[in-house]
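There's a structure below that I have some questions on.
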């Protein structure tokens, strides 16, 4: 499809116009970090962000989401979502959303996810600042992002707006776009290539080799014990990960004590009780009792278990887990390199 | 007149913490008339030892859940004094706004949930639900508002999070402050008017009883003293005297009374009073005009010597806080809020502070070592300061009641109402002794 | 459908009564909403009425700190179908347990009067040290939303869940900038969640007021407090005492 | 492997309403429910498949179907009181409602069992899901060869389906053998763990074996079956894990890369024997 150009100074009015009719979620500053949040005004938008605390998946698969409503009469479906625009998503997060699309469609299509997904227009954006823990250039390099509707690349003097879908096309009437010149398109190409070149952290092995060797290291307890020694089972590496999607389900009554909601909340396989079952009479059994077993499970999921289904690893190299893990042991780069070195 | 009266109210209700009243009257003679406090001792002053200065307010805030904003402010102020931690004018203004929130919040609870049922002849607020639904709903709304107002500044009102030595860990946004102001005008004012109507209709029901005493409160040149200032007392004859805050031990003179079971305080007389009425009597001139108008409508001009009217003084202060806060917010918004890092220690040593909490003047004092670890703490709590005064009020009141030939039940209610008027917050327990110990 | 209302009573022991205050903060909608389903039969702080009838749910606030309180606790247990220890003081010993690390606290606070018998107060203990407790909800103060949810669960005879994961989970769900990334320290790594992580969101560290999770990684905590939080060894070692004194296996 | 879950609802989390036509307290903690879909439709499923059973306000739990699809008018589940949801389910009675989603997952592969000798080894609550297969085999007895059933319980009081057991004891259609870990005064039968039943029987190597019971049972039973030399693809296990959604989304039931809810709960042993997390 076509590629357009939006002059630098026109971005605010473009976003403002979008805001007038639609909910727009984009990166904004929070202290010295960034988060995706509903924009109240265009000037909050910070396309120069490096990475956000939580990934933009929360706009589609929210931290807590109702699955059903219930009342004394039984269960009832929840309403359908309003359209929204997810603005300024980096390509690695688009790749992660592609994976979630796959998971939630596979087998049983999860309408609670897909309805939100379909109501969302995703405008991806180029990476202007790179976090020091990022390694997006060296994981799943042959898996290309595809779920976005348009891609905005910052270049000298403005933005190149590449359209991928009709939804992406539909937005241009709200801004002062003009067709991009060949030079502008190649500057955009160069800017995105440069982000890959400058990506600071590296994994040096192929997905296939990592998948095979990490899987083979399953039984090397001493390695996992060593890697997970300082693990707090805090689940930050799950919670901040754009490709994690496990959840818990709980029922809650409304104040009338008769109706309520069944809702799901993000869960994490690193949490102590994730695989705990009740056996009755207060007894329980935990299928991953030790922190090291849970730590290993996550690494397996990111590097090996899902590769066949996804055609690549279930990690997009955003570096969020590395940034968030207080004892700094969750970084896939270090874990993989440690295992690969034997 | 041969009459034996036994009033024994175990755990006076609708007050914070536990207090007992024991009165034995035989043949018109008072054999025993005691106000006892059996609250379990909790030893906060020992617990702060060895803790880092950043943790001390978090600990002492837990002395009392209802005055936890006040304890936190007193604590950080004493720590700032001891460690030479600077605070900005913005911090002071925000803390003042927070102080108003706490007094507003607490006064609403006290007057509407704890005192009003007495005046309406109910045992608690619950039977009033069907009879006075609008007032109760307004009261719950105001209470919730007070909580949200305080939370906006302190993070939460029970054990504040954002208030730290040197300033605030997190600030409200300007939009939030502006919304607060709008809500004060649009939501709170109508509810307060409703409350004022009810209170003025009930005012004649406050028992008539006078006992002039010494009244102690913070006095500040800048405003009606709540957040800062010097110690001031006003005597029954209207004379005032002032002391510096670090002289607080000189005016409180804590002592163990052999007849009673709690540590008491006294200054120039055998007892003094702290609280809304003490503030009113000391600083009436500095009240907001709207508050003065309410006082006038309630027939109150200083010196007011009827302790039952402490609740009325709280109503006056509620109006004062509401109006003064509107001005404070205007001021804050006109200069704009700046993101500031909390100030840091510049020295070590000892320091004191005083803050007016809803129940009266509160003193904190700490000393720190060179690593800013706490060496010792001392807290003198307003409810404690009122014990001697309550006891002396009791002695006079019981005589009057006996003379008026009141029944046991009437006496019990009058005494309970008196205790409640002081709004005692007995869980501020650092200095409490046990009731089981009666000689 | 007018089901008989559930009879609820509130009692307090050594505490600041802040948890009760939190209940009055629920606001008119929630508070009056709950009153549609429960009848408060005893609540000394706001009412004079008491009851001699059976209580469906007894909420107990405050720690068990002296033998003198045992009979009162036992009588509550005998009268109540469900006993809920609410607030950290009742659930874990709370802040009161900080003194359990000291031996001279009486002398320190009361000086020469310290030997008076009424000052007798032993180590601060959870209510469960005196009577059988059906449910313990920590929190200093309790979280209003959690309280409303738990009342609703108990009304339906469903055992409420108190999370066994660290505060970091809730902190991340609300996207708070981690204290460790602002040059501070934090106990959220080992602290039991359920509060919604208000402290880090307000710019102060989590002090683990709800106690720790079932299996806290304490050696790693010490290391992190020193290496990432910049605490001295002494402060790191005593850091978790504020609310979790009873859970550390110290000599 | 494909999944045989039936979801007709647009929202895969939407349950269907069932009438409880009969209940029966089997033991102190286990209760049997006979259910019918309220919309009148016929509930089709395979032996060994599972349901998500729910009560509004309390939640949803995975439960195996405990009856055979050959009995078409209704179906059975058995629930042990364990925690929140199971307590709420077991508080329900005849004439009231329960909600279900499913059937979910893969049950017993009947194509691999037909015309074969079948041995079912069930321990405790493991009898419930296998009862669906037992009934099926008994109803279509001519489609199977020798049929043995070994059942072990902790004590006689904890035996489930005592009526069924009595019938099976008498039935020539099944070679039923039982044991208890601990006998009581009235027990005249076998005492000992379930493997003792294997030891006292001649089990041909071409037998198809189904194992369902508490986790520790598997390892000891497998040792015996390996000694006999039964090929692993002819051994079927019914596994349990923590489960929330039942449709392969929530992640809780994973055993390495497999999902118990979708890939199982019935697995052939060769499918899972190399999965470190299957029998740890």
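Going by the order they are written in, the chains are A, B, C and D; count residues from 1 in each one.
We adopt the following convention: contacts are C-beta pairs under 8 Å (C-beta built on N, C-alpha and C of every residue); 3 or more make two chains touch, one makes a residue touch a chain.
In this text the structure is predicted, and so the values were computed from the model without any measurement.
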Chain nearest the overall C-alpha centroid of the shown protein atoms: C
Chains most often in contact, by C-beta pairs: B-C
Distance-maximising chain from chain C - centres being C-alpha averages: D
Approximate Å spacing (C-alpha centroids) for the pair chain C, chain D: 43
Chain centre separation (chain A, chain C; CA means) in Å: 36
Chain B and chain D, separation of their C-alpha mean positions in angstrom: 66
Rounded Å distance between chain A and chain B, as computed from the means of their C-alpha atoms: 51
Residues of chain D engaged with two or more neighbouring chains: 57-58, 83
Contacts with two or more other chains, residues of chain B listed in rising order: none
Residues of chain C engaged with two or more neighbouring chains: 156, 161
Those chain pairs that satisfy the touch definition: A-C, A-D, B-C, C-D
Contact set on chain C toward chain B in their complex: 12-22, 24-28, 31-32, 35, 40, 43-49, 62, 65-66, 68-69, 94-96, 98-99, 102, 104-106, 108-109, 113, 116-121, 140-141, 198-199, 201-204, 207, 232, 235, 238, 242
List of chain A residues in touch with chain C within their complex: 30-33, 35, 53-54, 63-64, 229-236, 239-240, 250, 252-253, 255-257, 265-266, 268, 271-273, 291, 323-324, 326-327
Chain C residues within the chain A interface of the complex: 29-30, 33-34, 36-37, 148-149, 152, 155-156, 161, 164-166, 168-169, 172-178, 180-182, 186, 188-190, 213-217, 220-221, 223-224, 228
Chain D to chain C touching residues, read off their complex: 57-58, 83-84, 87-88, 91
Residues on chain A engaged by chain D in the complex (per definition of touch): 67-68, 70-72, 74-75, 77-78, 103-104, 106-112, 218-219, 245-251, 253, 260, 262, 264, 267, 269, 274-280, 285, 287-288, 297, 300, 304-306
